[in-house]
Structures are given as C-alpha cells and as structure tokens.
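Chain naming follows the written order as A, B, C and D, and within any one chain the residues start at number 1.
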Amino acid sequence: MSLSYLTPEFKVLRDYDKCINCKVCMRQCSFEVHSYDEHLDKMISNDMNCVNCQRCVVLCPTQALTIIKHPQTFKEHANWTYDAIRDIYRQAETGGVLLSSMGNDRPYPVYWDKMVINASQVTNPSIDPLREPMELRVYIGRKPDKIEIDENLNVKTKMPPQLKLETPIMFSAMSYGSISYNAHAALARAAEELGILYNTGEGGLHKDFRKYGKNTIVQVASGRFGVDREYLNTAAAIEIKIGQGAKPGIGGHLPGEKVSEDISATRMIPAGSDAISPAPHHDIYSIEDLAQLIYSLKEATDYQKPVGVKIAAVNNVAAIASGIARAGADYIAIDGFRGGTGAAPKRIRDNVGIPIEFAIAAVDARLRSEGIRHTISLVAAGSIRNSADIVKAIALGADAVYIATAALIALGCHMCQKCHTGKCNWGIATQDPNLVKRLNPEIGYKRLVNLVQAWSHEIKEMLGGMGINDIESLKGNRLMLRGIGMTQKELDILGILAAGE
Amino acid sequence: MRIVIIGNSVAMVGAVEAIRKYDTSSEIVVISDETYHVYSRPLISYYLGNLVSENKMIYREKDFYRKNKVETIFGIKVVSIDERKKEVYLENGDSISFDKLLIATGGKPIIPPVEGLNKKNVHTFIKMDDAKKLKEAAKPGSKAVIVGGGLIGFKAAEGLHHLGVDVTIVELADRILSTILDTEGASLVSQSLQNDGIKIITGTTVDKIIGDEYVKGVLLKNGQELEADNLIIAIGVVPNVDVVKNTSISINRGILVDNTMKTSVEDVYAAGDVAEGYDMLVESNRVVPIWPNAYMQGEIAGLSMIGINKSFKGIFPMNSIGYKNTNMITAGITNPQQEEFEIISKIDHNRRSYKKFVVKENRLVGFILINDIDRAGLFTGFIKNETDITPFKKYLLNDDFGFIYLPKELRKAKMLDLEVVR
Amino acid sequence: MKKVYVKEEVCVGCRLCEVYCITSHSKYKDVLKAFKLETQRPTPRIVIEENKPVSFSLQCRHCNDAPCVKSCITGAMQKDPSTGVVICDTDKCVGCWTCVLVCEFGAIIRDVNNKVASKCDLCAEAGEPACVKNCPNEALVYSEGGISA
Amino acid sequence: MLKEGYVRIPSGCAISGIIDRTGRLFSGQSIADSIATMHDRSNGLGGGFAAYGIYPDFKDYFAFHMFYDDLIAKQETENILKANYIVALEEKIPTRKTAHIKNAPLIYRYFAIPRPEKLKLSELDENEFTIKFVFNINSNIPGAYVFSSGKNMGVFKAVGYPEDVANFYKLESYKGYMWLAHGRFPTNTPGWWGGAHPFNLLNISVVHNGELSSYDTNRKYLEEFGYICTLQTDTEVAAYIFDLLLRRHGLPIELACKVVASPLWKQVERMSPKEKILYTNLKIIYGRALLNGPFSMIIAYEDGFVAINDRIKLRPLTAAKKGDMIYVASEELAIRQVCKNPESVWIPRGGEPVIAELIRDNEKEMYSTKEVTA
C-alpha cells in the first residue's frame, strides 16, 4: 500500500529542559520510537510507533517523558468512533483479521462496580483481623456428600484429591510462549511461597519448573502441547481447557518465529513451526467425550490429581457447567468475557462471551438447584482487578478466583495491549532474549507475593467487617451483597437484593 | 631480628609494607646514598617539565618511616658487605650487622666509552638530583641532545620540550623506544614528537663530545655534528651491583634471585632494578627494570625475610608511557621475529591508533596499544594468567573488546570468582 | 568487605548505572544538574559491556592484592585498610595510566579531561553505591562474598 | 410491613436450659423462673419454651403444635393431617388469660402417627414423612404453622415476655425432664407468634442468641439437601443443620458441634495425626455448615441437649452442675435463681460444647470424649 491513512495513536512529549541525552529511552524501546540525532544533538521520537507502554517514561532518570493520547481527532461522531474508523483503515490497508491482546476493553458495564458489600453494625460485632483469627484457606476439588466415620472416629470416607490454597487466589493460565520464561519463573516461585497454585497454560511445562510441581496446574488443551505422562504426574492438578474468556469458541495461534528451541522442547513441537490450537478438542465433540477425557486423565494419574475443566462464560454456561460437574470434573473454572489473552482476533475478544459476574451467579444457582453445588469447586476468572472483586465473586458463589491480567500488571505490564507483537518492553509477553531479561524473576516473584498478600489482608478486613472469620462462610453468601444501579432482572440473575432492601 | 635494606625507593617500600603487615617487632634499617624522602623516580620527567612540584613527588606520606618504625641512614653510601659476618660497611667507616639483608640499590645509567663526559651540562637522567641539575641548566630556547631514544630519553625529551628547549634525540637502533615498540608503533609515536619540533636521528650514536668546560655540541658516528647546550646520556640502565662486587653473591647482569627473591647467599635478598629474576615469558632470568615489578619483588622479598612464601606469578616487562595526548601501553614480547609467534594487529592512521597482539600456542605473550589503550589490563591479565585465548581470539581487535566476548563460564570465573570468598 | 556483583542474566543494558554513577560523583549530586549544568561532566567509574543480548556493567573489584595499588608510580592509588575501598587520590595522580595497564578487570577509566584515573569508590559517602541503588532490574547486588545462587 | 419469613430480623436474646439427666420430670416453673431473671435481655416481642417428656401417655405419637390465623387454615391443615395421619387426640392447647399476651392465634395440638399405607407408599421413614408434612403445611397453607412436631415433647411460644408466655400456657402444670427457654429482643416486631423461639423440627429444638453472618451460605447449603427455610431465622438454619448432621448423616453430637463451631486450621495443624485427618475431612466436607458470627445456642434432642458458643465466643454462656442436674444460660444469675448452690459453675470456651445427655441404663461408652480434644 502506498500511503497509510493512519495517524499516530499516541504522542511523545519530551521536556527538553529535562532531557539529558542519556539515551536510556532509545535503548529500552523495542518499538523504536526514540532515537538520538547527532546533528541536532537531541533525542527525537517517532510517534507512529509508540504504543504507550511507558517503559521509557518509567526508566527516564529525569522524568522528561510523557506519553499522551494523540490530540489528533476525527470530527465528532457518536456512531463512527475513533476506533471504528481506524479499524477500517487498518483492514483496508492489510486485508487481515485485526489482532489484539489482553482482555475486552469496550465500555460494557463492570458489574463488580455495581455491587457493594455488607458490614455488621451493633446487632453483631465485626471482627478485627489483626486481633482475631481469620482464615482464608480453601480446598479445591470434588467433595463427598457426607462423612463416614466408625465408632472410634476413624474416617472411612474416601476424600477425593484436593488442592489446598492458603488464600482463594490462583494465577490463571498463561502459556510459556505467550509469556516469557522469566514470567513463568516468577509466577511459579510466587505460587510456592504463597501456598497457592499457578497454571502453566497450554504451552507445556518447562523442565526447569518441574520442581514447582506441587504448586502447578497443568493444562490439557486442544493442541495437547507438551502433554505426556510425566507432565501430568508432576503437577498438582490437571485442567482441561475447553475455552478462554477472551476468545470463546476459537483456538490459539502462536506464530512460528516465537517458537524457539526452548519452547519447541517444552511444547514438543518442531522449532519454528506455528503452534495452532484447534478451536474444539478434536476428541471432545460432546459432553460424554469430555467425561471420557476426564477419566482417562484420572486413570493416567491414578486418581491422585483433581481434574478440572476451564470454560469461557457463554450464554448457556449454567447448563454446560452442570454437565461438566456430571461428567466427573473436580472443579470448574469459568473465564468471563473480560479475560485476557496473548493474542486474539479483536472482534471476538470484544464481542463474544458474557460477564463473569452473571456466569458465576447462574452456575452457582443451577448447581445448587441440582443439589450438587457443595460437591464441586467453582473458580471465577476474567478479570479480577482487586480484592473487593474477589469478595464479591466468592459471595456470588465462587470458591476461588484466577487472576492473570492483575498478575502481569504486578510484574510490570502497562496494558498497552500489544502482547501479540511479541515486543513487550517489560519482558513479559515476549521471547526476545533482550526483552525477556528485563523481567527479573527475583523482583517479579516478590511483587506477586506482595500483591496476593496485600489482597489477602484486604479480604480479611472485609470479612471481619461482615462478622465472618472463615472464607467458607462467604461462599454463595449473597445476602452480603447489595446492588446499585441495576435492573431488577440483573439483580434477580445475580440473586442479590438492591441497596436499601 | 634486624632487617637492613640498602636502597630507598619503591622496592624498599614494597618490602617494608609487606613486613609490617605481619611483623611489627623486627627492626628495619634503610640505608641510602640519597637524602630525599622516598620519591617516585618516574616522576622526575614530570618534575623536569614543571608538570609536578617537588613536594608532590613523594611516594609515601611524610610519616611513612615513623609509622612503619623504620630507622633511616640517608646520604651515606654503602661501600661493602661481609655476607659471612653479616655486616654492612658504610663510607663513613660505620658498620651495621644484619640478620636479613635486602639489596634494593636499583639501577645506574649506562655510560658510553666516550671522552668528554665530565664536561659541565653533560647529564644522566635517573635520579632527582639529575632532574634538578638538568632543570637548572635547560633554559628556554636552548638546545639539548639526548643520547638514547629509550624510555628514559623519551620522557626526558618530553620534559625538556615542556621547558621550551629545542630537543634532538639520537637513537642507535632504527627507531625510538625499540625495546617496547615495533617499527609501525615507533613511527606513529615519532610522528607526534616530530610534529612538536623534536628531532629524531636514528641509527647512530655519540662519537665525540665537543666543548671545553661546558659542552658545546656533539659529533655523531654518522659524521653529523649537533649543537648542544645540554647533553643527556640516556642509553639505559644497568643493575647497580657495585655494593656486592667483592662478595660471593652471584651476579649475572643483575643480582641473581630465585622466586622468593633470595640471592645465592643465605639471608641476603635482592629486589627491583638491581635484581635479575625469572621472566615467565622468555622463561629465563632477566633484569626487568619496571616500577611495578620493583614493588612486587620488594614485597616478596619482605615476606620471604620474615618467613612467608607467597606464590608469585613471575615478572614480565610492561609499560604505560605517553607524550602529551599520545599514550601507549605495551607488555611482554612485542616484537618477536620467530615463526611460532602469531601477530594480530590493526593500525588506524587517521585515529593514529595501533593495536598489536603477540600470540604463542594460543597464549597471549605480548601486546602494543597506542592511543587505544583503554582496559589494557585485560590483556595483561591474559598474559599473567596464561589464559587460553582461542575462544575469543577473533575479537581481540574489537574496539569494544571486554569480558563480553569471553565464553560465559570463563567470564563468570573471571569477574565473580576471582575474589568471591567461597 | 561488601562489593558490587552483577547478574548479567538480568542486566537490561539501559546504562542507568552509568547515569547515576556520573551523578553521584558530580558537584550537584542531582541528575539534571550533573548533566545540564556541569560543563565538564564527571567521568563514569563504571564500564558497560554489551553484545546483544548479553550486557552487564563492571566496576573496580577493590582487590585484596590490588595490582593498581602496587604499580601506581605516585602512590595515589591506596586501599583504605579499614573499609577496603581502593581510592585514587586525584591530587597525586598524574594520569600515567599504569593502573590501566595492570587492572585485570579493565575497571579503571581514564578521565581525559582532568588526566587522572577514575574508578569506583563504592560511593563511600552515600552508603550504598548509586549504580546498585538505581539499577531498575536489581542486576547489581551490593553484598559480602558474591551472589547467592 | 413484611412478616418474619419474608425478611430477616436480627435480634439479641436470653436463653436458658435445664436437664435432669436421670430423666426425673420436674415442673416448668423452674425454667420460667430462670428465664424471668433475664427480663432485660428481651423486649417482649418473643418468648418461648421447649418441654421434653411432657406427654408420657402419647410418647409414641407425633405431638403437632399448630398456630392457625383462622378456621379456614385450621380446616385445610386438618384435611391434610387426617389424610396422612391417624389422629389419637386433637385439642386446643390450654392457655390462661395473661395481661401482656394479646391477639393470640388459634393454638391446637394433635397426637398422631402416620397412616401405615401412606407411609409405605411414600417409601420414607416416619421422620422423613413427617418433615415432608411439616414443610408442606408451613410453606403451602397460608395462615397455618406447625411450630412443634416432636414425640413426647412440645414447644410453647408467643409474642411477649417469656415469663408471661409461661403463665399463658400454664407451664407450671407440665412436668418434663428437660426444658429450654428463650426471651427475644428482635430489632422489629416479628409480626406473628411463629417467629418466636425455640425453633423445632421433630425432636430437635433450638434456642439461639446471636446473628449468623454465614446465614445465606448455611441456608443455601441446606436447600441442596431439600430443607426449606421458611422463617429466615438463624435458629431454623441451626436446627436443620443439626438435623442433617445428627439424623441424616449420623454424626455423634460432639462432631456435629465441631462442624458448626469448627476448630481453626491453625489448631488442626497442631492436632494428633488421627484427629488431624478427622477434622481436615470434617472442615473440607462441611465448610458451608460452619455457623459464623456470634452465637450462643442450646440444641435439644431426645437424648439431651448441647450448649455451644461460636468459636471466638462473642456471646455469653455459662454452665453449672448439681448432682444429675445440668444448667446452662446466657447469665449465671439465671442459673443461681433456680439452683441455690451448684457443685461447679464454669464458662465454656469458644466452640467448646457443653453436652448434657440422659444417663442410659446400659451406659454404652459410645464415644470417649477424651478423643475429641479441640
């Protein structure tokens, strides 16, 4: 194409009074925005390349840089928005599917923000987590209906394998290949220190991280990357990935150039070849096929490991979840339409799937109505942003939550939504060794530990406020929620009262 | 125990500092025919050129002798030594007995067999007095002829040039600094001298000194006659072994010493320019009159005298010398002719920089760096540690050469393990 | 003694250590002024090597048996007996570069403006070396006895 | 104004319980005197008693105590009752005109056993059959409420101070081996007598002082097992949980208590291996049955009663022992009022049950309590 009609989305403002020509920004920008012009003896920038990842802004020793939304606008048009027009320019110039990453960024309402949490006043005392015990431990797995004990109190019930979480938070699936080796190292080590689990995603388990097996959930996805007996038996749990919130119903594509030697060994596919995960599992075309896969995985691991199933939150999620429970899954992970991804077609990311809040409420209610809710664990994902979201998710019916986008932000992600380019300046969504080393696992894992510990303290504070001292008493406790600015229909689906009721 | 040291320069300091680190009780006596507080001899050319004032010449702080409990006998020459009776005899008739003796008398100038050397303004240039005398005599605009284009002659030329003296260097070899540079290197350096008006005549030496009470000029072997208000004899230095002349201490060119700086006689040690130790590159004994070697030999001698044997990597020649903004660093064998030496070099005339590496059996044995001298110590290290350079040989000439071109394990070993206490 | 050790696996080659080394040895001790006001910008005391994707910085190792101290012709290079820091007394130094000749780490840099040797002094007064403090990726560690595995 | 059952009404309370472990019967006067001392812990909007052993001559019959708003409710209820049960006796529960007890509903009691052919048809045991009947009446017959459905026991409750309720039902005329009492301080009028405590289902009666912050979790858990929570009160949920654990899952009372007031994970970590396995399994399986929030509660069943606090003891509970008599109450003075010099008086720790059961003739060492330490 001759001339691109696109104009820069961002503008680099450089305060030349503060710029000391140290060239840190130039060296650090993988999108080649900054350069030093020796004739002008000045740093100059090419706005067109800038994706506002703010690596330069953060590292500039004199804070001389600011990235702003480029002031260049189109004539105001309520229907033909800035993005709508530019998307057409891009597709008119490329003829290709528009790629995007991270989660749905459209202004659909965030239902977390339409719910508020209860607190005790007078009629029962709130509990101060600093002085009273407060326990967040959660067991993920299938639970028997009742306990069988003999006269001298020996337990006869055969307890299915459980995942013990010290706090109801787990790191969600991000494959080695979409995120870097160092990101995985940080996640694995943080999971171990926090006493929770991280999910390897569908990219296989790197041999260096086998030692974190007891804090690892391995995924079995439609591509079966890296799946073998050792892979299954090293992990603490196995998760069959049916769907992902960011791209329900479609597979995944890791471009060949990203498949390095290391990744090809981990995924057990030839280096340089495109890693395509087909849309469906080609051996799961119906619910009974899923049951077969669940039990073959259980057989492969001698029934020692919980086998969960991860689905995207779609219209019929309640029935699907119930079917999955009936198919023998030990836990169900439900990924809402704001879940993140390394790469996904923009249209699907922004338009397919339903909010996790409704999905959890509907599934919890359906499983309860069938009397099996207490026998299976529910994990909510896509997109938990803070500890209040977690309290609300658990009050709606989840047993625990998966976080991924939040974890990446803790590792340094600045939400520039360009993971699919593989040029992540923060060393997270990239395989370029120059960029990967920018994520020091020593720092990364501490940041993750800090984040989860901070959230856990906040959860304890909120629980204490409600007069609860064990997370179990929050599960499905919808009386602890009230809705604001929601229709009665929305309140009913969420199963909560309106504020004031 | 009493330790007597003849000589008051860097070798003495090496010895004293080493001894006092472990032994603060033994008595140390330092005898020197000079009266100065220990000063830095290489700085005499800076002093000559007014780049350094006299009080800045001192090599250790004023209270060095008191702090290290050293008794000093200055301004008196040692005339003889009786190594059996273990006594030293001074020119004033006194005698001092010793338990251990260190001879650090340094070097003395080579004097060519030419008549007229005793004329006034005929100078040698290795000690403070020489510099003072020369500085006194060398008036701006006067002419000076320097016999010998080696290290001493080169630095004297720079000093005199700074005084506004019209300088001519006369060098026997085909180039100046012949012991450390090859022809390309020497031509580059000569260029910067000649640009400043310093004349260089090679391939000849002084035949006759002209003048009556004061030197007027000099007749060269090639027939040339040069005017000279001052004549500087800078042919070279030989070990100052006079003091051991009639003793059983064996000498070759210098006092022969083993790796612990011990001479052929028990309890007698030698260090610095006077000593002839083992040169690891030529794998034989050789006098290597270099300031850093003198300190290290002094240190080893000091430790040996108090019974500590420190492993010692041997000596090889190394120099860092410059003329205004032309700097050169050389080490080891720089100009080998034999087959088994491999030469890797590059010259950049417009940047006037020259890099030459001499390799033998995949070991670096020498190098010349002119103007591109940054991080030269990396190469000195390779020579000293006999590092196998095959993995990074092809990068040696890189402008940004560094540990980055070493294989990772070697780099890690070098950078971290060298002094990481396991 | 505590020294600065580098983890090359996480050095991102940004050279901020160099920026802050200059600042720490500048008159104003402020990044902006050090680079903008001081006509003669101080020489960094840190060497940065890069051959993508590997990069790391290196500074004086303050060796116990420091060849530079032994070889210094003026006595300017001294190892402080109490702190162990090797410091060049810039009044005494004449810029003969013998230390550059003997330093096996190539960690002594020629301050050509002032014709003196410029080397790391571990930012003795500031307590923690500026390069360690400002490395954005904790690639530089100021510790006793090296880097734990 | 929403009637209790459509809205949750938080309330403070007074509770008291007395048992003669030999099974000797004693007059209801002592429980009435005991609860009266805690007059200020209630506000006259609810009071009630559970009496065990009061219908010796009908001890094999379900004694249904019913409130009817009107005769229609009574008629509809009786149709269903007679269709499913053989009714040995039906009568108004004798009451006495009492100043503060006003607009009482129709209060009847029936002694009945399930019709054998109906029972066989339902493939349920008589308890399940009766629970189905009670849930049916309470949720489907407007204006009718079964407020007690045990054998050889009965609940007597109304809107009013407990001492007035005792007087209204002439409790002094009844003799029982075990009595519970409750005085209520609801934040707003419950609107009808059914809301008062104790709450009863078959032979389980519960009096409770507290507020379950885990109410919705507990309730939703119970609904999975078919329980229908009509009253929205904590006592209803507590009673159903005990029914589930004791009757349907056959847990011993000590372990049932360890479910509703489970030890902390920190404590479980320090237990003996055997106990660790027991409690880890208990907590994993019955996490949603944990009663969270402040409570002190007495749960009576045919063999006796158990009194228990929430595990961090946010409500008062005192216990005492004299001979074979065991007393528990919100306040010590309620005990000393009816038991002049008790042998021992103690304050149970958080989550530590006081178990007072009838002394069996063949005292089967069912469970050695020393095993259950936490």
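Miscellaneous remarks
We adopt the following convention: a contact is a pair of C-beta atoms (placed from the backbone, for glycine too) under 8 Å apart; a residue touches a chain by one contact, two chains touch by 3 or more.
Predicted model only: the values in this text are computed from it and were never measured.
Chain-level centrality, scored on Cα centres against the all-protein Cα centre, points to A. Between chain B and chain C the centroid-to-centroid distance comes to 29 Å (mean Cα coordinates, whole Å).
Between chain A and chain B, the centres computed from C-alpha atoms are 69 Å apart.
Chain D has its Cα centroid 106 Å from the Cα centroid of chain B. Separating the centre of chain A from that of chain D, both taken as means of CA atoms, is a distance of 47 Å. Across the assembly, chain A contributes no residue that touches 2 or more other chains.
Contact of a single residue of chain C with at least two other chains is seen at no position. The set of chain D residues touching two or more other chains is empty.
Chain-to-chain contact here is organised linearly: an open path runs through the chains from one end to the other.
Touching pairs of chains, sorted by label, consist of A-C, A-D, B-C.
Those residues of chain D whose C-beta lies close enough to touch chain A in the complex are 8, 10-12, 187, 210-211, 213-218, 220-221, 223-226, 248-249, 251, 255, 262, 264-266, 274, 277-278, 281-288, 290, 292-294, 311-312, 314, 366-368, 371-372.
By the touch criterion stated above, chain B contacts chain C in their complex at residues 14, 40, 42-43, 46, 51-52, 56, 58-60, 291-292, 295-296, 299, 318-322, 325, 327, 329, 331, 373-378, 380-381, 384-385, 400, 402-405, 408, 411, 414-421. Remark: chain A residues 120, 123-125, 127, 132-133, 135, 137, 139, 143-144, 146-147, 149, 151-155, 157, 159, 162, 368, 371-374, 466-470, 472-480 touch chain D in the complex. The residues of chain C lying in touch with chain B in their complex are 3, 5-6, 8, 47, 49-51, 54-56, 58, 61, 63-64, 67, 70-71, 73-75, 91-92, 94, 96-106, 108-110, 112, 145-147. Looking at the complex, you find that chain A touches chain C at residues 18, 20-24, 27-28, 58-59, 61-62, 427, 432-434, 437-438, 440, 442-443.
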